[in-house]
Amino acid sequence: MAGSTYGNIFRITTFGESHGTGIGGIIDGIPAGLEIDIARIQDDLNKRKPGQSEFTTARKEDDKLEILSGIFEGKTLGTPIGFFIVNKDSRSQDYENISSAFRPSHADFTYTKKYGIRDPRGGGRSSARETACRVVAGSIAKQILSTLGIRFSTYICKIGSIELDDTSFFNQELIESSPIRCPEPQVSKKMEELILAVKKEGDTIGGIVQTIIEGVPAGLGEPVFDKLHAELGKAMLSINATKGFEIGSGFRSAEKKGSEMNDEFTSLSTTKTNNSGGIQGGISNGMPIHFKVAFKPVSTLLQPQETINENGEKVVIQPEGRHDPCVVPRAVPIVEAMAAIVILDFYLRNKSVTL
Amino acid sequence: MAGSTYGNIFRITTFGESHGTGIGGIIDGIPAGLEIDIARIQDDLNKRKPGQSEFTTARKEDDKLEILSGIFEGKTLGTPIGFFIVNKDSRSQDYENISSAFRPSHADFTYTKKYGIRDPRGGGRSSARETACRVVAGSIAKQILSTLGIRFSTYICKIGSIELDDTSFFNQELIESSPIRCPEPQVSKKMEELILAVKKEGDTIGGIVQTIIEGVPAGLGEPVFDKLHAELGKAMLSINATKGFEIGSGFRSAEKKGSEMNDEFTSLSTTKTNNSGGIQGGISNGMPIHFKVAFKPVSTLLQPQETINENGEKVVIQPEGRHDPCVVPRAVPIVEAMAAIVILDFYLRNKSVTL
Amino acid sequence: MAGSTYGNIFRITTFGESHGTGIGGIIDGIPAGLEIDIARIQDDLNKRKPGQSEFTTARKEDDKLEILSGIFEGKTLGTPIGFFIVNKDSRSQDYENISSAFRPSHADFTYTKKYGIRDPRGGGRSSARETACRVVAGSIAKQILSTLGIRFSTYICKIGSIELDDTSFFNQELIESSPIRCPEPQVSKKMEELILAVKKEGDTIGGIVQTIIEGVPAGLGEPVFDKLHAELGKAMLSINATKGFEIGSGFRSAEKKGSEMNDEFTSLSTTKTNNSGGIQGGISNGMPIHFKVAFKPVSTLLQPQETINENGEKVVIQPEGRHDPCVVPRAVPIVEAMAAIVILDFYLRNKSVTL
Amino acid sequence: MAGSTYGNIFRITTFGESHGTGIGGIIDGIPAGLEIDIARIQDDLNKRKPGQSEFTTARKEDDKLEILSGIFEGKTLGTPIGFFIVNKDSRSQDYENISSAFRPSHADFTYTKKYGIRDPRGGGRSSARETACRVVAGSIAKQILSTLGIRFSTYICKIGSIELDDTSFFNQELIESSPIRCPEPQVSKKMEELILAVKKEGDTIGGIVQTIIEGVPAGLGEPVFDKLHAELGKAMLSINATKGFEIGSGFRSAEKKGSEMNDEFTSLSTTKTNNSGGIQGGISNGMPIHFKVAFKPVSTLLQPQETINENGEKVVIQPEGRHDPCVVPRAVPIVEAMAAIVILDFYLRNKSVTL
């Protein structure tokens, strides 16, 4: 039973390999009669696409979105939205010299074990190229949610050991004014320097993305298995290169006492603190939702690495392709997209909680 | 759209409130002809039940399992297993004096907001009592997986700031020799002292549970949304009081370079390190799977706390019920159960990856 | 991937074998705050239960419903409703003499082939006893739908070649005034005589059940795969002993011209004729929905029949158990229950068609 | 909750409106490493496409299939297959003069009621053009099933009152030798004459399609809700213009006695008769599966018809577009496609019935 579909009512299904014709998807369950601005979807895609700056891979993709159905004269019909993004710059020759080796911490080995067949053109379905489709669906979800007063702020809060310790809702302008999407200029500067230093070594570095969601009404989340933070966790951990997820005070909660962590109610819509991260008992309480997602450093290094090939023989690989020294800046729009998909899905699910 | 069902092929659906008649569930999708030892399920339930020791609540529940269908003469029929656990010691009067107040960091407020109705008997469906049903399903899953050579080691690795920094596969005897399920006696001792000190203050403390799974074959996990660690993450974060999940090197990955984190292949089934935690590209690679789950301190304190009631008026509550100073020891069998459910479900899902 | 769950938002999952402890289920997705009269559910169960009259099996079951969760002080909590019905009169000895033979047109053979194991106690999961759980869920659905003005009329329209050619909405009193649930007394009389004649021969007879649903608002049904009549068809054909389903003019449509079958609109809520059976393009149009379900004669005969046993040897069986000469009167509440489940599920699904 | 997805393990999701850019879909859950002949898919599409003969609409569509992913060098990768079919000849002007009227027995009215918005370009999502996507998925399913020895025979068995009373497995050559896909030449001739006569009147006529499936192993079908014939029923009734479904002896069973209808076992894989249609207790028994699907006459007549417009005013419409006098010949490949999707899905579902 395959896993190319996400969501229950607002639901996206995707297809496509990184070195094939293109990628695309179908979004089903979009309410009818809503205005969708396709230019804004393309803007979000542009934030994710490669080749944006010296902090990302030099691989060039236009990521030009084609909407094939479901929207007529700028409005949703209630029918599924089909969309396609052509693969322009696949250059599979970059991968040729490593095609029989299993790259360390990549998905080459596990895909081959699972399917018994290996796509020699490269990452194929395991490539993060697939996440462009998530950005399309998430961008549409954000446009719909914005009409309900729900808004998102997503940014980098850690690269290596450089950290922005803040859960503020920074606006888009501030975030986008940083080439790596860290809204505090001083901290951003240090992060940028670290990424470039690592890049010079042919190495890569990990980081953490944080999302703040304001305006989520109380009541979203479904007991007992589909708790809101459980589904946010799954959504985030389904993004390539993720290693951890935490909601509110997260792992820090494990070190604390109840008297330190409890969020006292101060009104019927507010709490004094927000260690809960806006979710209690798996259901939103109306306070801002905030969570963090940990990304490992990119596995492809421009350094020699030992590994084995398909025959179990030791080999040394040194990729010469174009790769990201740090994937976290490009992960920002993907994290935000998945968050928007989850929130809209739960918003629609909650419509049947009463008759 | 409610969320009382978990899993795709091996699937559990649960019902029941903490102060009603009882709780129970239906497990569908169990392969036919498998031997199930019901006494071992009861053993797992006993590890979760309240009243085990001074480290857990004094609330008494037998948690006596009744299997109602699906097993005949010790073997699965392939039909769904229905089961029931009666609620014996509900004592809803303990909750009466707080029934109109919203307890801080509890689910009272969010359930009332969501459903527009409040069960005055107490936690109801939001109570962790529900997790007993997960232990039943997980225990059955573990018995099935053990015939495939897949085995679990789950234990406490952190309480407050006391940590066991180890990802070894400790055996059940060692784990159960600690009253709080920390397999390293020295560390366990310190944790026990901390819990008792916190208990004396009427306070509570958080912690971290770690699971190691050995024997998982390479190939489990479904691209792209149902990555194995994404689904493990959801499963864990659906447990009451969880705040974070990490796979392999987890949040630590964010601070590291690719050259430090990459797991070099040393054979067609092993890697030199295991920062991946046994999962690459969302698919198991045959190495041990290891992950951590962060639990916040229990929200119910035996101390006075300010809050508001249903009319928005400030009130002070001081529960006199019987509650856990630290829920983490009792969370161990729940975490292990959910892990087993996920692994078995993906094992069965993987059966259709080839014809 | 097993199939013990039905519905998307209003969802029932069932368990239980005919000769085990009992049967039961979980209904998830019930909107919160609705009044449910449990006595009315029991009334519907009584219409289905065996031993009602000379037209049904003499097997005795009280079919006493126990509600285990989800309803508090007569109102739904929004949490799942668990329920149980004990098996009282299993008398598995009736089945003993045929336990190694495969009964013609029964499910003995196919279950054994599928699961590789045979429950020697009798029909087990394949028994129509399971449908009692559907009646529970359907009865709750009907109570909810009645608050929306949606009402059901279900009755026998054919037994053997005796037919009631009418699609009127007959009321419950009229239907229940017939011991076999045919609301036209003259026709009912003839059908009763036929059933008794067949019974005397130790034989059985088939028939057709018809349902009329009034008050369904326009707009229910989901393009393209989940058309309303497609899902009604699946729901009906999932009932034991069904062989056919037709909506509106059904098979008769195949013989007609478009000019004869088209339903001209006479207003924005009515059509001159109703050959569509209240559904156009898979979506309800506001006119009464009407459909028919064909039931084959019961397979268990009180006559000798040739068959083979598990070793492939020819044997003659002659059951002496207590069986229905005609299952159709008892199928009436089951058909109505499944129809109500489908309509409520689609009503709730339709809530997210707009924001 | 929308309904553009069909199947559980082998799963198709579709998009596209009849007068938009094109239509397409994603097939997920295809086992890896299987050879797929794309030319054979195109052949099946050609059987469905308009403009084949004087018996079908003159609308011209090439229905040229583009495979976008999931197949590499003729073999499935295990990843989803995305595909697209461009809309070439949309000519929406044909529909302009009726755009504000609700066409009798069409989906204009119900779609407008459901979505609150009307696509003025014509049938849009309700058009049977969508079924081309089903043919793609079904054709792939048939290729996979043929490697398992499972084969299909689908043909017309009734047009108006002209009937072919036979459940033989006719081969493809015989079926395709008839321009309307009735494999008995004498009967075909009469049906052709009837269709042409009806066409001359600007009228349309209904009919019945029959499918025979040989080689299905015993054991497919899932108790209790997902009985094999229930899912076949849903699949067929989800096709445009269907009004009824029957399995085996179908509605005729209702008129018969058990002694007439029971299928006596003659060996561990055969029965003397096959009134069950190859399915007992919802599970295949190894005998040929046979079922019938009733299609109503096409609703669009080239005759004047009374109806109302969106303001509720009476209007007379007389379409001048290009439409089918009888849709049943083109329905043959669609019925077969849906049957293949169902059988493959259940084949894959059955893989987890044992460990």
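We just call them A, B, C and D in the order they show up, numbering each chain from 1.
The rule we apply is simple: a residue touches a chain if its C-beta (ideal position, glycine included) is under 8 Å from a C-beta of that chain, and two chains touch if they have at least 3 such contacts.
From a predicted model like this one, the values you see are computed outputs, not experimental measurements.
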* Structure fact -> A-D, B-D or B-C checked against A-C; over half of contact pairs coincide for B-D
* Using C-alpha centroids, which chain lies at the maximum separation from subunit B? -> D
* Give, as an integer number of Å, the spacing between the C-alpha centres of subunit C and subunit B. => 39
* To do: Find the geometric centre of each of subunit B and subunit D from their Cα atoms only, then give the gap between the two centres in Å, rounded to an integer.
  => 46
* Structure fact -> subunit C to subunit D, mean C-alpha position gap in Å, rounds to 26
* Structure fact -> For subunit B, residue numbers touching 2 or more other chains are 1-2, 4-5, 8-9, 14, 29, 32-33, 78-79, 114-116, 125, 223, 349, 352-354
* Structure fact -> Given the complex, residues on subunit D that touch subunit B span 1, 9, 29, 31-34, 78-79, 144, 147-148, 223, 348-349, 351-355
* Asked: Touching subunit B in the complex: which residues of subunit C?
  -> 1-2, 4-5, 8-9, 11, 13-17, 20-26, 28-30, 32-33, 66, 68-70, 72, 75, 77-82, 84, 114-117, 119, 121, 124-125
* **Sites on subunit D touched by subunit C in the complex** => 1-6, 8-9, 14, 102, 104-107, 109-111, 113-116, 125-126, 130, 158-161, 198, 201, 203-208, 218-227, 229-231, 233-238, 240, 242-251, 253-268, 271, 275-277, 279-286, 294-301, 303, 305-308, 312, 349-350, 352-354
